[in-house]
Each structure stands twice: as C-alpha cells, then as structure tokens.
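Which chain is which? They are A, B, C, D, E and F, in the order written, and residues in each are numbered from 1.
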Amino acid sequence: MGIAVLIISVASMGGIGLILSLILVVADKKLAVKEDPRVERALAALPGINCGACGFAGCSGFAAAVAEGKISVSGCRPGGQEVAAQLAQILGGEEAEAETPKKARVFCSGGLKEAVRDKVYVGVRTCEAAHIVGGDKACLYSCIGYGDCVDACPFDAMYMDENGLPVVILEKCTGCGECVKACPRNIMGLTDADETIHVYCRSQDKGPVVRKICSAGCIACKLCEKDDDTGAVMVVDNLAVIDYSVHKDPLKAIERCPTKVIRVSEPVPGFEKEKARN
Amino acid sequence: MNRRLKMLLIMTLFACISGGVLSLVYLISAPLIEANMLEEERRSILNVVPGIDSYEERIEGEMKYFECKDASGFVVGYALPAKGNGYQGVIKLMVGLTPDLSEITGISILEQVETPGLGGRISEQVFQDQFQGIKTEPAVGYVKNQAPDKDTDIQAVTGATISSRSVVTIINRNIVKFREIL
Amino acid sequence: MAAKDDRKSVGVEFVKGFWKENPILVMLLGMCPTLAVTTSVINGLTMGLAVVFVLTCSSLIVSIVRNIIPKQVRIPVFIVIIATFVTMVDLFLKAFLLDLSKALGPFIPLIVVNCIILGRAEAFASKKGVFLSVVDALGVSFGFTITLIILGGIREVLGMRTFFGHPVLGEGFEPWIVMLLPPGAFITLGLLLGVKNSIDKRLKEKRSR
Amino acid sequence: MEVILIFISAVLVNNFVLSYFLGICPFIGVSERIESSVSMGFAVTFVLTLSAAITWLINNYILIAFNVPFLQYVSFIIVIAALVQFVEMFIRKTSKTLYDALGIYLPLITTNCAILGLALFGALRAYSFIENIVFGIGAGLGFTLALVIMAGIREELDLADVPEPLKGAAITLIIAGLLALAFMGFAGLISV
Amino acid sequence: MKLFSFKGGVHPPEMKELAEDSPIRKAEIPKNLTVPLVQHIGVPCKATVEVGQQVREGQVIGETQAFVTAPVHAPVSGKVKKIENVLHPLGIKAPAVLLEVGEGEEKEYMEPLGDDPAKLDSKQMLERVQQAGIVGMGGATFPAHVKFAPPKEKKIDTFIINGCECEPYLTADYRVMIEWGDDVLLGAQMISKILGVERTIVGIEENKPEAIENLRQLTGNVGGEVQVVETKYPQGAEKMLIKALLGREVPSGGLPMDVGVVVSNVGTAVAVCEAVRDGKPLIERVVTVTGNGVGKPGNFLARIGTSVQSLVDQAGGTVGTVGKLIMGGPMMGLAQSSFDTPVIKGTSGILIMQEQGEMHETHLPCIKCSFCVQACPVYLIPSRLSIIAEAQNWKKAEEFGVNDCIECGCCNYVCPSKRPIVQFIKTTKMKLRKLKAMEK
Amino acid sequence: MGEEAQALILSTSPHAKSTDSVRKIMGIVNLMLLPAVAFSIYQFGLYVLAMYAVSIATCLATEYLVVRWRKRPFSLNDGSALVTALLLVMVLPPRFPLYGVILGAVVAIVIGKQIFGGIGYNIFNPALIGRAFLAAAYPVWITSWITPRIGVDGISMTDAVSTATPLAQMKFDGVVAAAADLFLGFIGGSIGETSALLLLIGAIYLIVKKYIKWRIPLSIFLTVAVLGGIFHLINPARFPNPLFHLFAGGLMIGALYMATDMVTSPITKKGCVYFGIGIGLLVIVIRLFGGLSEGAMYAILFMNALVPLINRATKPRIFGTGAGE
C-alpha cells in the first residue's frame, strides 16, 4: 500500500507538472509578446507577486505606470526601499542633466506688520480664491498670505512665518517651480541658486500710493538706479528690477534703498558665488 | 541546455519531489488521521444511540446510516447523519432513532456555522438533550419561549428560532426519507 | 541607500518584521487568514505558528534552489514548494489537533497564496544568503503571529469575555457577539491599522524635531 | 432549487469577501476606482468559474479516483497558477482590448485567496459539477458586487475629511465591516 | 396660465420695492470723473488723449484697432487731468482717464441716422453701434457690434430683448421699460433689422406688470411681441430665457447664436436707439442705487466715470454701518473695496448692505441636501463640484462640467452649509485657464 | 470720506443667502420627531425617557470629544448628533439596557460618522450603524419586546410583559395585526416606530419644507405596497396584505426619517426613486424570505452603500449637452 501511494502521487504530480510545464513552454514560444524594455526591466526588479497592494492590476501594471512616470517608484509595498532604489536607477539612466539649479524666492515684503489691510475678506482661505476679490491687503500686488505656495510645494520646503509671509527653506528647495505655478499674484519666482541679491516687492503702484499702504514696498524713488554703478538695477513701471544677466552685485543699491526692499541674503550652502565680483 | 527543456524538467522534477515527500508524510500521518475520524464518528454515534455495543455503516442509494446493535447483536437503533441549511450556512448533525423510528434517542450537532452565542447554541448540550425521547410522529415540532407541552416538541433557542427550526426540519426530512428506505 | 546586508545585525533583520515591515499592518498582505481565524487567541496563535513553519522552511529551500530555476517557471515551482509544506502542516494538525484544524478550516491551505508573496519577496532580494533569508522569514512570520494574537485577543476578550479561554471580564460584561462576526473582524483590524499609523506619524514627528 | 440557494448564498448571504474573508488583498488594492473594479470583478468571475470547472475535474478524476486527497492543495494551486498564466498570455496575444480590460488583472488573481478558497470549499462540500460551477459564478459575482460598491464609496471618500491615520487601507477595512453589517440582513435567506 | 420657464433656479426675496417706484433721475455730474479704458470684454483700449488736453462730451478718448473691443468716449467736456492705473470695479488696477469737468456744454456727437428702421441701412447701423462704443449692458459688457454680426453660417431667426431683470433689488431695466418703452422697442427693431430676423420678443418677468402693460401697448405702434416669463432667478440668464421662450438649449460651450438667437438687454436696445437716432455714444446709463444701507434708494441716469460715492450721496447717503458695497445685484454683483470706484458701462446697480453677522459666517462641510443640485439651472452638481474644487482636483472638476457653470449663484444661495460654491468654481475655472495657458 | 473709515467686506457673489442652515434643518427635524418621542414615553414608560437621556448625552459627548481631538471647528450646535441620538433610541426595543444604548451611541457617532470626517461625509446612516452594531452585538436583546401600556410606570426590565412584534408574529406564527392598530401605535415594537400617524404628520411638514425628498418615501411605499400586494395575491395565507407591510415595523420611521437623511441618500431626483425602489424591494425580500423579521434597517444600510454608484449613474445631463428637448 505504502509504495503504491508513493508511486501514484509521484506519478500524478509528475504528470500534472509535466503537462502544465508543457503548456507554459508552448505558450512561451507561441504567445510571447514584445514589451517596452524599460517596462520589462522595471518588472524584473519588482517582486512579481501581483499582490495588488499598489493599486494597480499586478506588477506589470505598476511597472508600466512607473515606466511612464505616472507613479512614484516607491509605490511597491512588499518591495520596500530596495526595489524603489532599483527602479529609480532603471528610470534615472535617461534623465537629463539639470542646468544651473534654481531656487524659489518670495518677492514680497509686505507681511501682516508692514502692509495695510483696509478691507475684510470673507471666503475660501486660499490665495487663489481670495485673489478673485482682492484679498484684504490694500496693495493689490502683495502676497495674499494664505499659503497656496506652501501647500503646493511637494518637498516641504516652505512654511508661513508669523508675519504671514511664506519662507523658502533654500536647502530643501529643488527649484521645481510648483510654488510659482500656485501663486496667483506672481509673488514666487525662481532665480539661480547663486544669486543672493533681489528686490523683494512686486508693486507697480506709484511711490506715494505705496507709502500709504505698505512700509516695506518699493516706492520707486529711483535712488538705487541713480546711485548704483553696476547697471544691474533699473526702475521699470514703478518697481526696481535687477538685471541678473549683468552678473554684477549692485551693492550700492542695497545701501541706498530707503525701504530696504533690495536685500542681500545668505548664500545657499553649496551654491556660493564663484565668479569674481565687482 | 535548452532553456525550455530546462523549464520542463525542473518543474516536473519539483512536482515529483513534492508528490514523493507528501506521500511519505501522508503515510506516516494517515493512520492517526484515520483513527481520529473514526473516533469522532464513534463518539457521535454513541452519543445519539446510547448503550450500544457495535455499529455498522450502511449505504442505501443516496443515504448513509449506521445500524446500531447491542452486545447480543440485536438492532437497537439507527444513527442517521443529516445535513441542511441553517441561518447562515450548512448544519450537519447525527440523529439517533429507535428501531421503529418512532422516537428520537438523541441528536448530536456535528458542524454548524450559526452565529456564535445565538444560533450557535444549538451545539449546547441542553439543546441537544431536549431531543431525547421526542416522538417523531406525525412530525417533530418546536415552540418558542415556553416549555413544550406536546411530546413531539422541543423548545427553540431564544432568539434563534430559525436555527432551531432548521434542525427540526432537517431531522424531519431525513426521517421521512429513511422510512422509505427501511 | 541600501547598506550591505551583512553589516546589518541579525537582530535588526529579525525585528523589522514586527513593525517596520509587518506583513499585515504595513504590507497589507495575508489579510484573509488574519481576518478569518482571529476569533480567538488560540486560533490566531496556531495559524501564526503554521505560517512560521511554512515560511521558514520554504525560505530555506527557496533560497537554496532559486539559482537553478528558470525565470518562467519560478512562480509555479515556488508554489509547489510552499504548498508541500502547507500540506504537511495540515496533515499534522489533522493528526494531532483535530479541533484546531476544524476551527481554522480552509485557511491553513490558504497560507499557500500568502506565502508565495512572502517567499517571492524573499527570493528576489537576491543579495541575502541562506541564513539571513531564514532570519528574515522568521522575523516576518513572528510579526504576523503577534499581530494575529493581538487581533485575536481583542476579539476574544470583547466577543467572548475570555482570553486564551480564561474569563477575564466579569459577568457584568455582556460580550459583544459582533466581535466574532465578520464586521467585528474588519472594524477591529481597520482601527488597529489606524492606531499603528498614528503611532508612526507621532514617531516621525518626534524624529523630525 | 439547491443550485439557486448555492448561488444566493455565494453572492449575498455568504459573500466571499464580506463573510468568508476571501480575496481581501485585491479587494483593498483594486477598489480605488470604479472602472478598474468592474474589470477586476469580471476577470475574477471568469477565473473563478474556470477554475471551479478544472479543479472539480482534477479532484474527482485524479485525487479521488486514485485516492490521493493529500495532493489537493499542491495540485489545485499549481493548476490554477499555470492556467491563469496561460489564459493571460493567450488573451494578450489574441485581443488587445480584452487584455486591457481584463487581462491585466489576471496575474493578480493567482495569488488571491478566493480562487484557491473556492476550489477547496467546492471539494469540501462535495458539490456536483454543475453546482460547483454555479458556486464559482456566484462567488465571482459576490466578489464583484462587494468590490464595485467599495470602489464607489472610496471614490466618494477620496474627497472627504477622513482622519489622516485612517486614510487608505484602514478606512477601507472599516467600511468593509459596515458593509458586512449591512449584508447581515441577507442572512437566513437560505435557511430550510 | 402656465408661464414660460426653465428647470431649477431659486426665489430669493425680490426687494424691488425699495427702488421700483422711483423714476429715473438725472444724476449730478461730480467735479471729477474716472473713465476706465477697459469697460468691455476684449482687447483693452489705449488712451487717444494726453494729459492736459481739453475734450468734448462724446469725443473718443480710448480706442484700439482690434475687432472685439469698444471705444471709450468722454462722458463730459473737460480737461484730462491724469492717465493712470486706478482701482477698477473688477478689483484690479487698470488704466483710466481722469477728467476734470469743464464749463463748456459743447458736444461731439455723431450724425443722426434717422428713426425709421425700415429706411435704415443695416451696415450703417452696425457701424454706428461700433462707433458708439456700445457693449452689452446686462452685465457681460460684450461689444454689441460683434454680437450683432454673427458668422454667416449661423442663421439667426429670433432676437430677444431681455427684460427680466431677475436680480433682486435692481430696478433699472424696469424703469427703462416703463419710461422709455418707445426707445426700447425702437432699438429692438433696429437690432432686428441689423440681424435680419423676423421675430423680436421682449421677455419680461411676471412681477413687472406695469412694464408688461406698457410694452404690450407700444408694440402696436412699433412692432415686436411681449412674452411673460415666470419670476424666478436666473430667468434673465440668456440660456435660461431662450429655453423658457423657445424651448431651445444653447449647447454646452456654445453661444445663443448656435441656436439662432441673439439676446440683448433693454439698456443695450436703448443705447442702440440713441446712437442711431441721435448719434449719441454710450456715455451714460441707468444705475439703481439701493439696499438697506442707503437712505433714499432710487434710479439714476449717471455718466460713465461717476464715482460710487457721488451717486450714494445723491441717494441720501449711507445708513448704519455699511457691510458690503456691491456693484451689480446681490446674486452676481462684485463686492467693492472702495467708494471711489467709478460707474462703468456694465454697472446696472449699486447695492449697499448694512453689516450683518451672517456676512462673516464660515462654511461647513456639504451635507448633500441636494438643494443646489435642484437649483442649478444648467444641471450641474454644485455640491460635488465644490468638494472637488476644495480638494483642488482641477482635472476632475473639468469632468464634472465646471466650465458650464454660469456663476449664477443659485447653488450658493440655497446651500444650508453656506458653502462658497461659486467662489470654489470661479477659482477652479481660473486655475484651469492658467493651467491651459501654461501647457501651451 | 467719513464712511470709508470702516473696512468693507469683500467676498464673492452671491451676496444673498437663503435662511436655511444646517442648524435650522436639524432643529426642525428634531422638533418633528418630538411628538413621536413623547408618545413613545407615554407608551413604554419612564425607562424610555432614561434611554433618550443617555443616548443624547452620549452622542453629544462623543461628538464633542472627537471633534476636539481632531481640532476641527466646533460642530456640536448643528444639531445633527441630536437627530442621531433620538433616532437611535427610536429604533431600539423599549427595554434595551442602558449600557447597550451607550455602546450604540458611541458606535453611531464614531464609526458611523466621525471616522468618515464628520457631518456630511458619512456613507451610512449613523443611527442605523449604531443599531446594526447593537443588533449584531446583542441579537437577543434587540429582539426582546414588551407590550405597550403595560407596566408603564415601571423602570425595570422585568415588569413588562414580553411580546413579539407584529412582524415577528407574522413571520414565525402567521398572525397578522390589524392595520388600524399599527397605524395608531397600540402594538409592540421599537420605541419610536410604533405610531405611524405621528411620524407621518412630522414628515409631511418636512416634505412641505423640502427638508426631505418626497420621492424617497413615496417610492419605498409604492414598491412595498405593490410587491407586498403581488405576494399577497399569490398566497394570502402565507403572505400578509400590503397595508400590514406599510404600517408594521420600522418601515415608516425608516422610510420617512432614515432613508431620507440627506447625507446618505442620492442627490438626484431619479436617484432618489431608484434608491426608494431598492429599499422597498429589499424590505419585502427580507421580510418574506429572510431570516430576520424586519428588513428596513438592512435595506437602508445596503442602499446607503449604493448611493455613490446611484449618484454616478444618474448624474444629470449638463444643460446644452446630449439630447435636449
């Protein structure tokens, strides 16, 4: 009896195994389909267990999505960090080398302390929504202060300070530009990482108007333009602007500016200016 | 080696090994399992037809039953496995009957998936014991929330009328079928 | 980046299955048996131990043979290996612990489908040697077991007033039958997951500070 | 009549997901969007039906015939795995549209408890061939029902203010629990 | 009688009684006028005058060569004081010509063309409409000459004069219909001639019986028909009015001309009439000054560029604590941040509301009461839209038809959770536009 | 310039808002429930008053704690928790233990509502989640009834004569109660479901105020009546008449107050009709063929789950798209 059972089970399992592997072999030969090599490599890196925890229909679905860049490489839970790293490598090979890195800057100095608020805004508390009716600051060029940019930053590189203005943590900023897209008032801007001197205002109001409504805005007094010798500063439409292509630091202008709206900031670590100055 | 041939061989090989290993394990454990099963069957039969010495499995068409004999070989009753749907799923039970099938000698719930603490209480001894001595003619019945006054009736588990009714129905149904066979 | 595995202590490898890579609470795998068998602690424990056995043994075998197996039949072969061990467990339970075997029902064989997952996850992390694979499998399966025990504990205490069969709540507590039923299982596991996530969140906040 | 009861039982009373806890992983994984849940549901129904047929044949003509029941798990799972893999390759080769709608879900199904569970329950209950197939269809539709309902709810909840730690799998499980509560109303539909 | 109507809409308290009985008064012209160079939808005008220059009433002071634009004329004779950016009623800074009213009375109108539509030349009239700087005065301020010259492939068969004035509080159109009914109908006939349509309908809400009566009588002389529609906001939205009167549905993303209809406000008709008959450019309009925050509500014929402050002073000054200053009606009007903003061609009313606690109320989550769904006249699901917009899921909002919203505010009005649905929608539309622009 | 000194309020249009508010709606719903609440206390005694008190206290406290813990704006005064509290008790048996009431109330608020994000976000009817949980936790208690007006002065469980609900009598004993008794409320059953009359009066007022969508109860009643009637015609001995169906059990309170909960019912008119038909169908199926004597609760919960799908399927055609008239 014992031997019989042994033989039968070995035989039946062997039979099943043989038939199935035959089917698969034939299928492998006849039904093979060509795949995008990147998807294929991504698939090979994945566990291949088709658990579905990623929300896709199996590993191949996830692999395709990753290859198309639709989802983050870290979406595979069983795979964990190791797989994520592998995937990043597979995909990363083709990413272009970045040019000069950019950093985001906040071009407004009119926080709660500086800017006059002459109306009461009631409604959805996002900048985009408040912008429809103008927000509550008298200056229509000012930062509205509900932090759409902060919410938009995918890298947690921004926060709102007590004065109601956003702040960029330059070390964390990747220059992705999401904040710029999010801001309805064009307050956020990208500049080269090694530029440290900027005009922190966007107001095109005339000087007297600005004086009345903001203690930190550009009053278009033109002192900077007049006294600077680098030619990098100009006042256009009642607002001082720096011409970065001049590649010179308008240090005098900083000194002259009565409202200190042109300021020099600490260089971003790793991006200190190398070129000789003045 | 050809890749596909290798596929074939490896898979077959592993299947064979698996079959072999498993059959060995099975051969070791089979007697134990067998014994377990038999013991369980024996216990449930002894439970429903008390005081017997031996029993014998009979199969008649679709129906399986056990003929129970005392020490002298007299048929003193039958044990009848039966099943049917309860509140939530299948209920399997064993019912013991006197040789003329007019009286139940006992029942034993073998398997059920009723609500624990509710329909599940049909597995409790108190409920099963009620069936001892219950008359099967014209049919077994049930009453709710009170002591039964007929000798064919049992009292349903409180709040689980359906499970109780299912047990009764399963019993009745199988007794009727069994009568036709005998 | 992934540090060289041999530099990691065995302990770390073992412990990560308990929290950081807990198969149920983090990877969300093996949910079916988790929910189905945790009506009591003992069921959970038995199931967990079965998984420990199957996973460890199959990890061992898989990590030994994986290099000779062609890619196309890898999964079928792994399944065969795992299913073999599962059948052994099942036969063992039937032979020695019939009641438990009945209570766990068809969920013992279902370990097969879970373990493919775990076994496969183990197999692709190809840098690991046989020893670390086994340690890893042990860690993961003990993490699984402990989660089952916690879940089973909650459900047993609230649903039957007992823990491991011993009454722990007084007579005054009328047990909630629902805890033994499917809704109780889902809700308890859901809440457990929530608790785990919020602990994680709190830990992360603390660390970032 | 028996067949109808088996069907009702599998779809509503003992819904595979909500009452038997089978196929929870894809239930949580693929219930984020209604479209994919519908496709997944039908793919599962298809495979369940197919494997109900195949495993019945294997069980009755090999395992029982040769008295080697202990090979059940191994043989069932390997047959299902190979079968699904074959079907996937076949669909992929033959019809792109069908593959996009159903095929991509197939690999996911192999490692799903529902399929093996179905095979085992069917064998355990000794269903006839027809009954087993009806059981497969019912289980598949029950799975689809639960999955699509869940997908609808989750699309709705996408925009809700769900507490952060509960987002994702946790709330899905809790909703499954509430669904299971609602499904309890169907209990007793099959009682005799 | 079953009145013409549409599905959805709301019935806010009408509040017309405040100003409906006050006849149109010529408003005093203040010393200084601020005339914005953008008073229409389309390409902004450039100033054609210089600081210090003397201008005469009716003289063109802003213009461009673009087609979709409307010239701006000097509302009074006087001197150009400044040309600079000022606060525009739209809440933006926009260029404007600041005039100091002079002594002289001399005008620089165009040559009258005549007052018999039958004898007038369509092309000449159309040109006149353009020269007169006429824009839609129902609020949209779309240049009228563009609207009256639809592309050839669009066959126009009906011209509708929109006399609904469904916005609560406002009574300007109502008074115009009562007092200047002839001009309205004459203007309508002229426009019908320009468009070459047979059918001219004046649609008026049921709650304006006097206007209905008056115009019914006058149609005997001048022609056209008067139809009464149900009093329901936004009956005056052109899509709804067309649906109510003709049963036609303007296709999504389309214009009335896609179903062979052109709709104009009564004020527009009057302006056309005056431009053709008298050669007068669009330099003044009727403005209702009303609300519980103003002393003597009334209707004023005000020159473009008159400051809100001046009109309010003439209407008895403000009363109590002013909460909101709104240009337009309460349902669609724009809240202003200053009393210095000027009246422009699209200003139909100035509404001053006293401060109320509710104005500061914040919103709750949507309770899915579906009031908004039943109210939305274009059959959107505002509740869903607002939730989607709140979650900033712009793409999904587009799927849910956010661009079909006419911003009527019905949903917002009925919402018991006080959700700022319209603001969510406006924000989303803006964002989508921005994203589209960025993609290009 | 004097007036300019004070700041103007800026907000987008519309600047007019209707006087309806969540608080007002909930307040009126509460008010309309009061007659039935009062009648139930008269029917079943002071113990029931205690149940109401416990339920209200628990619901409000739980809501308060969760909202505070989540640091969300204060929401207690919107009155929705009070509706939940009242309705929860109204669908419980008259002698349900007080700690059971506490459990149900906590579950209703936490699992039924707050877990989804609080008011407005819940998928299922919170009160029914509470009751369904209790039914599954304490299946025996939830089916223990007493006869009204007997032992009403008592507070304890035992002094009232236990009885079966008309539906249970119908189902398990084949006894059909008179429709008039059902309508007026002189029968056993859950606390608030016994008097169809009082419930209807309140509901009609709410319909007139448009706070409940009449399509839902109407289509439920029609479906139940028609299906019930068909089965009754097929086999009058086994299946009760449609009037009995309409007035027995929780159908009235369920159809009028629970299926109509705004948050958990469809937002389109067509959707409401489908929703109602679905509930009616399930009620009949469960009552006539299921294991439970009353199916209204499960029917509503099940259809609640379908609401997102219904809303999606009945999404209105946007003006100017597709087939206009």
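By our rule, a residue touches a chain if its C-beta (ideal position, glycine included) is under 8 Å from a C-beta of that chain, and two chains touch if they have at least 3 such contacts.
Owing to the predicted nature of the structure, the values given are computational and were not obtained by experimental measurement.
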{"item": "Chain labels contacting subunit A and also subunit E", "value": "D, F"}
{"item": "Graph distance between subunit C and subunit E, where chains that touch are linked", "value": "2"}
{"item": "Contact-graph separation of subunit D and subunit F, given in steps at minimum", "value": "1"}
{"item": "Chain at maximum distance from subunit A, centres defined as averaged CA atoms", "value": "B"}
{"item": "Top chain pair, ranked by number of contacting C-beta pairs", "value": "E-F"}
{"item": "Length of the line joining the C-alpha centres of subunit A and subunit D, rounded to whole Å", "value": "42"}
{"item": "Distance from the mean Cα position of subunit F to that of subunit E, given in whole angstrom", "value": "47"}
{"item": "Sites on subunit D at which at least two other chains make contact", "value": "25, 28-29, 68, 70-71, 74, 78, 82, 85, 110-111, 161, 163, 166, 171, 174, 178, 181, 184, 187-188, 191"}
{"item": "Residues within subunit B bordering two or more other chains", "value": "7, 11, 14-15, 18-19, 22-23, 25-26, 87, 115, 117-118, 162"}
{"item": "Subunit C, residues touching no fewer than two other chains", "value": "28-29, 72-73, 75-76, 80, 83-84, 87, 91, 116-117, 177-178, 181, 183-184, 187"}
{"item": "Which pairs of chains touch, using the document's own definition", "value": "A-B, A-C, A-D, A-E, A-F, B-C, B-D, B-F, C-D, C-F, D-E, D-F, E-F"}
{"item": "Touching residues (chain side subunit B, partner subunit F) in the complex", "value": "87, 115, 117-118, 144-145, 158-159, 161-162"}
{"item": "Residues of subunit D touching subunit A in the complex", "value": "25-26, 28-30, 32, 36, 39-40, 58, 62, 66-68, 70-71, 74-75, 78-79, 82, 85-86, 89-90, 92-93, 104-108, 110-111"}
{"item": "Residues on subunit B engaged by subunit D in the complex (per definition of touch)", "value": "15, 18-19, 22-23, 25-26, 84-90, 162-163, 165-166, 169-170, 173"}
{"item": "Partner subunit C, residues of subunit B touching it in the complex", "value": "3, 6-7, 10-11, 14-15, 18, 21-22, 25-26, 29, 32-33, 36, 40, 111, 115-118"}
{"item": "Contacting residues of subunit F [partner subunit E, same complex]", "value": "3-4, 6, 8-18, 20-22, 24-25, 73, 75, 78, 80, 117-121, 210-211, 213, 262-269, 311, 315-321, 324-325"}
